[in-house]
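Lettered A, B and C in written order, each chain numbered from 1.
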Amino acid sequence: MYLLKRKKGDYMEDKNMEIVYPGSVIIDSLDVIPGQNVYRVGSKVISKRVGIVVKKGSIINVVPLNGVYIPKVGDFVIGEIVDIGVSFWVVDINSPYDAYLGIYDTKDFIEKESDLADYYDVGDLIFAKISKVTRTKFVNVTLKDPQAKKLGKGMVINVTPSRVPRIIGKGGSMIKLIKERTNTRIYVGQNGAIWISGENMEIAAEAIFYVEEHSVVKGLTEKVAELLDKRLGDANGKKDKEE
Amino acid sequence: MITQTTKDYLVRLLKKEERRDGRKLDEFRKVMIEKDIGENAEGSARVRIGNTEVIVGIKMQVGEPYPDKPDEGVMITMCEFLPMASSSFEAGPPGEDEIELGRVIDRGIREGKVIDTKKLVIVPGEKVWTIFVDIYVVNDDGNLYDAAAIAAMAALTVTKIPKLDENHEIIEGEYEGKLPLNHTVISLTAYKAENVIFLDPTHQEESIIDSRLTVGVREDGKIVSLQKGMEGSWTEEEIIKSIEMLQKKAKPFIKQVVK
Amino acid sequence: MVKKIKRSDGRAPDELRKPYIIKAGVVKRAQGSALVQSGKTIVIAAVYGPKKVIPKHLEDRDKAILRCRYNMITFSVKDRKKPGPDKRSVEISKVIANALSRVVMLEEYPRTLIDVDLEVIQADAGTRVAALTAASVALADAGIAMKDLMPAVAAGRANGQILLDLTKEEEDAEDAVDMPFAYIPSTGEITLLQMDGIVDLNEIKKMIDLAKKGAQQIYELQVKALKERYAALATLSEVVK
């Protein structure tokens, strides 16, 4: 049993973040509320997953470090159209559950009797919002959101979904850094699918994978900046030689 | 089909230590043992526990010994749920449930050293008797484990060894004597639903069970096999208590099958 | 006759085999994986899922289906093992899946399938308990919600002594008894229990006590294996090359 003794405040901000495992007792107290990825037995709050303990007020959550994507309402995901029905598209969202995009959930005005493939065809990529998840995990996505859109040509990479928040960074700082330095366009789905477009997309992808592998680390932003400088320097050096 | 209402009702009864048919938690339905029910088998038996019916036939063939046991006969146990036995059974190759049942019964007989396999050698290292213990479930009204275990043991007690000619071929209809047995083993099973432990469930009662524990008991009181089945779990105390209960319960059956 | 003999590998009666190694994350392609080596017995577990159920009609709308496949590769034993499932492997796969269902929170993943592949690479007794021990680590490594990890070990008897974690050699003793055992450390629930051999109740009590102690040691190794796998995420040891 790994009992974590913590002061009040956000655990993510602690220097040495302790990892918990299924069965690890996080805290033995009735004064806290079990949140995500934990369960309560008696007065004990126990982790269900391998992850990091994050306390928000009196709520104890475990932020998992691994696992497949399980859809949640409000998440933005990158999906690929894989099938077309009479009045909906089937979207692969990198999850055991496919999502459905209904004809009234797009920004387009879809004429009656028209071929849905003219709007979104199999293989098209979308950046969509999860609008509904039923108890048995039927999932709807919508494009009726200012941020949602159809994505054009680009590379899609997959990372562990639970590490997406670190890739985005505090207030979007990490992804902003990568975008600006590499001069790429990047969309990050909560489902771990990341769309990248631009000349230096390979370098951006490397930086993202680097963050994924070190997602629990302090001072990561500096390390990523260092990595990007080095790679971009190399790339430019190469170009200079070629010219 | 057993509805949730029925299940809830059965659970409520069990928690009061009551059952639909008025039995006590550790009380068996009427057990009937018939021996020699099939002419073409070297030994056979039918066991009815309430409406549950299991038949077991023993067939003997001349075969080869296992390479690591050249001077011992071979026993092979097979179990099949006949499609007629329950609406949920399907025809086809044995499923997991059949395989598990067959293996649990096999384990009791084998580990309890019931059959004197050393006496089943025809030509050492080359030819030995192979004993097929074939279990068929005819009607499933719960507790197939106990019915199969009692039937298998009963069938073995009446098994005869066929006579062989000089070429070691079986002479039909002629026998040399009885299958040599060293011990009697009865495997009995304790069932658990909502933390209540009870015996001999009906098919309906089986719908609420989350675990079972089968214990092989020999006539000398020794325990020869254990098998926890299904998804539920047991505490150490529950296991010990159940073994003690089944050791006692097995005694009359052991007497009855050898009679 | 009961003789007090030393175990051939020099172990105390209540000692696990050496080496006893657990490693998490050994199969890259899988969502989660683990290796358990107990003396000469080596088992690898790999988890795929939760994933879509194919064919779809097999879906359970309330929970995930947990499917285990225990398999011995052909050269895991001295005499070549015939490939494919036999009665023994079907039964073992089932008892392992049953035991795991007790800790895996299947209801969190309705309409999905979780596949646990358990391959015995080398067999020297205790393969099913090694497989089960590896399975719960692999499931945790796959990020699947669980109540606890599940250590498994065999206790038994050989040459008149009650022993932990028997080898094949010990299992071949005249009076050998083998009792595979698994439990949930946080609740004490026994989730796997089988036994072959002739014993009395007192010996069963002793074997269960010994198995519990062994399982506790294995539990600590399971946690350690996960810690080693995930500690890398919490430290910036690598320097940018």
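Criterion: a residue touches a chain if its C-beta (ideal position, glycine included) is under 8 Å from a C-beta of that chain, and two chains touch if they have at least 3 such contacts.
Because the structure is a prediction, the values reported are computed rather than measured.
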Innermost chain, taking as reference the mean of every protein Cα atom displayed: C
Farthest chain relative to chain B (centres taken as mean CA coordinates): A
Whole-Å gap between the CA centroids of chain A and chain B: 55
Geometric centre distance via CA averages, chain C-chain A, whole Å: 33
Averaged-CA centre spacing for the pair chain C and chain B, given as whole angstrom: 28
Of chain B, residues touching chain C in the complex: 67, 94, 96, 99-100, 102-103, 107, 111-113, 213, 218, 221-236, 239-240, 243-244, 247
Chain B partner contacts - residues on chain C that touch it in the complex: 79, 87-88, 90-91, 93-95, 98-99, 101-102, 179, 183-184, 187-201, 204-205, 208, 212
Touching residues on chain C, where the partner in the complex is chain A: 31-32, 49-52, 61-62, 103, 105, 108-112, 136, 140-149, 185-186, 223, 226-227, 230-236, 238, 240
Contacting residues of chain A [partner chain C, same complex]: 1-2, 16-19, 21-25, 37, 39, 41, 46, 48-50, 64-68, 70, 96-98, 135-137, 162, 213-220, 223, 226-227, 230
